[in-house]
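In what follows, structures are represented as structure tokens.
Look for subunit A in each of the two complexes below; its partner is subunit B in the first and subunit C in the second.
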Partner chain A sequence: MIGPLIPQGTIGSEWSNVSGLILGMGFGYVLESSGFSSSRKLAGVFYGYDFVVLKVFFTAAITAMVGLLYFSYLGWVDFSMIYINPTFVTSAIVGGVIMGLGFIMGGFCPGTSFCGAAIGKIDAMIFSLGMFVGIFLFSEAFPLFEKIYYGGPMGNSLVNEVLGMSKGVFALILIVVAVGAFMVATLVEKRVKKVDY
Partner chain B sequence: MNKKYVFLAGLLILLGIGLAVLPSREYPDEINPVQLLGEIKDQTRFLSTDEIAKRIIEKDPSYMYVDVRDPAEYNSFSLPGAVNVPLSQLLDSANIVLLNQKVKSVVFFSNGDISAEKAWLLCRRMGYKHQYVMQGGLNYWMETIMNPPVPLASAPGQDFDTYQFRKGASAYFGGGPAGTSSIVNAPQQNVLVKPKKNSSPAAGGC
Partner chain C sequence: MNTSSTEDRGKRYLNPYFGGFLLGLVLLATMFVTGRGLGASGAVKSTVVEAVNTVSPKHVEKSKYYSQFVSDDIHPMSNWLVFEVIGVLAGAFVSGALAGRLKFKIEHSPKITSRTRLVMALLGGLMFGLGSQFGRGCTSGAALSGMASLATSGFIAMMAIFGSAYMFAYFFRKFWI
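What follows is the complex of A and B.
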């Protein structure tokens, strides 16, 4: 058996929503139980008193990366069949800025806002509502944004290919960057006044 | 700093070094077994001996005939213009260039079907496109093209047309006597090839 299981046809594609549901529930559970449903946790990254969000998501990313690359090396996963999101540079930058502003203003990311809403936090509910309003407005006004949305297309490219290095070397660099970021974050956390929440 | 975190960070970096050092693994474009089974059940890979005879006579350049028997057998008899790629050397890099190409369709043949089918299966598994098998192999070629059997008097007219074609083909390929073939060979025209003058004389200087 070799992954990815659904594109290979080992598991029927009708199961993709089921697996998505199960993984989503697991994700939500972990988010909630690590305290991410509090808006102060996310805002803490910007004010420097709590870097757990950075650490958790960066660790998750590099763990998944290392696992995937080793699986590929051992022949457990066919790397060529993994879906790669197409890159649009302009919309990635514009969207990133808007999302960052939204993070710091609202204190939630889409996932944590649903977590907060699920446990009855009113600010999270308002945030989710705002998200849907934003989606609606964006969809209605799409022709206005179309140029930005499809701006700077780079296809299904990978960072390591754009930089012209092998996957493994890039992985090592990313891990070193991550560990460095964790160390710096810990130092900053120690310097900044603790916030109780 | 927590010792646990130092250990975990060290472990990650170690794994990263491992990834940077390990050679990357290439996956050949092998096709899915389910798809391959579907193609095996499908009979469209077979080309009949009549079709092949017609294409050879017409000098159709889009087909390459690959003899997968031993060189000794190939040298004693083979289809005109056929290439010899013994089954045991099928996956040599020189032969792969020949088999995995976009210009010509590849038609495998051997004495029977079996060796040609093996070659076809391997090549299809590697994902090479436009691969065919001559149905019945050279044995059937001998039976149908080189020594075509006379159809029964009660046979449908189509059979007689086929027979006429086969007799002509037999003569073309140097088989049994053509007898009173109704196919008249067109007189061969000699095409004069004029050597083209080299328009650009050797340029000297810098």
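What follows is the complex of A and C.
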């Protein structure tokens, strides 16, 4: 097995930062050209006038997931070496709810605010600035949040194992759900009054 | 009139499914090369930790939160996200330049002033930054990359972020529509 390349030592770790720059450029390029530098376009998903977020996000997650499963099946990548973000249920839910509120207030998420800032959106620059403040406040007030932060630990949990199914079956179900969501979104988009932005 | 402006908009941006497919390939390449996904808020965290560490290393040492991210055996990927975000800025700039979208502006609904928009953007960014620490990542690092690697946390983050934004959408509608 050759992948993941840097953790396996297939290519040296001196390439790490270079890979970050190149892959980040791809990330930023695709986000911007999909329209993610516009807060009003992003907010459309929450009011039904533009579902670009849902379409891009779900398609990307599925493409990468299925690709990773194939790579793993073909022996190109060792799945056990892929980083699995640990699950702390309480913290993930609390964090998600706060982030959702931030999303609807600010119209961006961190990655998209960088894209907006890069093309001159001043609201995106201010949003990015707000993130620094928010992270600083969290870090300083950490003793207050510590209990929630470590709440509901499940370790490096995989969703298919929690649901008691194989990775492949889970991926298939997710694809069906996504296609259904795309169809519903397209219907809603047609019915909701257009918003000019 | 209305249809033609919608069509123009469609031409200006990538087809969303094609864009999503490309984004998926970038994410897959990232996991194949680094063993980790993409991210955004992590780079801000690294910068905050670094800044505080420069001003007051003692404070970082004492803090239970900061100290987790500064140690002797620094993970080789620890600054990866900072480079990645520099790449994001460059990539988005190139895309905006090619499409003729480079322009200083404050984008907001005609129903609110620029000032209101900026205040909301600041507060939104603040909340998102705070929440991303509980979530151990944001929409990119926790939700998108988490889902692609089948992490339970990724699916919880995705449902909580979007569920909460839908829940609060009604109260903030005048800022957008």
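The rule is simple: the second predicted complex is superposed on the first by the 196 of 197 C-alpha atoms of A that agree within 3 Å, B and C clash if a C-alpha of one lies under 4 Å from a C-alpha of the other, contacts with A are read in each partner's own complex, and residues count from 1 in each chain.
One rule holds in what follows: a contact is a pair of C-beta atoms (placed from the backbone, for glycine too) under 8 Å apart; a residue touches a chain by one contact, two chains touch by 3 or more.
As the structure is a prediction and not an experimental result, all values here were calculated from the model.
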item	value
Combined model on subunit A where subunit B meets subunit C, clash or fit	fit
Contacts of A:89 with subunit B and subunit C, given as first, second, both or neither	second
Touching partner for A:9 - first (subunit B), second (subunit C), both, neither	first
Contacts of A:144 with subunit B and subunit C, given as first, second, both or neither	neither
Partner chain(s) touched by A:29 [first = subunit B, second = subunit C, both, neither]	second
Partner chain in contact with A:167 - subunit B first, subunit C second, else both or neither	both
Partner chain(s) touched by A:72 [first = subunit B, second = subunit C, both, neither]	first
Partner chain in contact with A:175 - subunit B first, subunit C second, else both or neither	first
Which partner reaches more residues of subunit A (counting touched residues only), subunit B or subunit C	C
Touching partner for A:184 - first (subunit B), second (subunit C), both, neither	neither
Least C-alpha distance (whole Å) that remains between subunit C and subunit B when both complexes are overlaid	8
Overlapping contact positions on subunit A, where the subunit C interface meets the subunit B interface	62-63, 167, 182
List of subunit C residues in touch with subunit A within their complex	2, 5-6, 12-14, 16-17, 19-41, 44-45, 47-49, 52, 63-66, 76-77, 79-96, 99, 101-109, 117-118, 120-169, 172-173, 175-177
Residue numbers on subunit A that touch subunit B, as the complex places them	8-9, 62-63, 66, 69-70, 72-73, 75, 78-80, 166-169, 171-172, 174-176, 178-179, 182-183, 186
Subunit B - residues contacting subunit A, complex	1, 5, 9, 12-13, 15-22, 24-25, 27, 32, 34
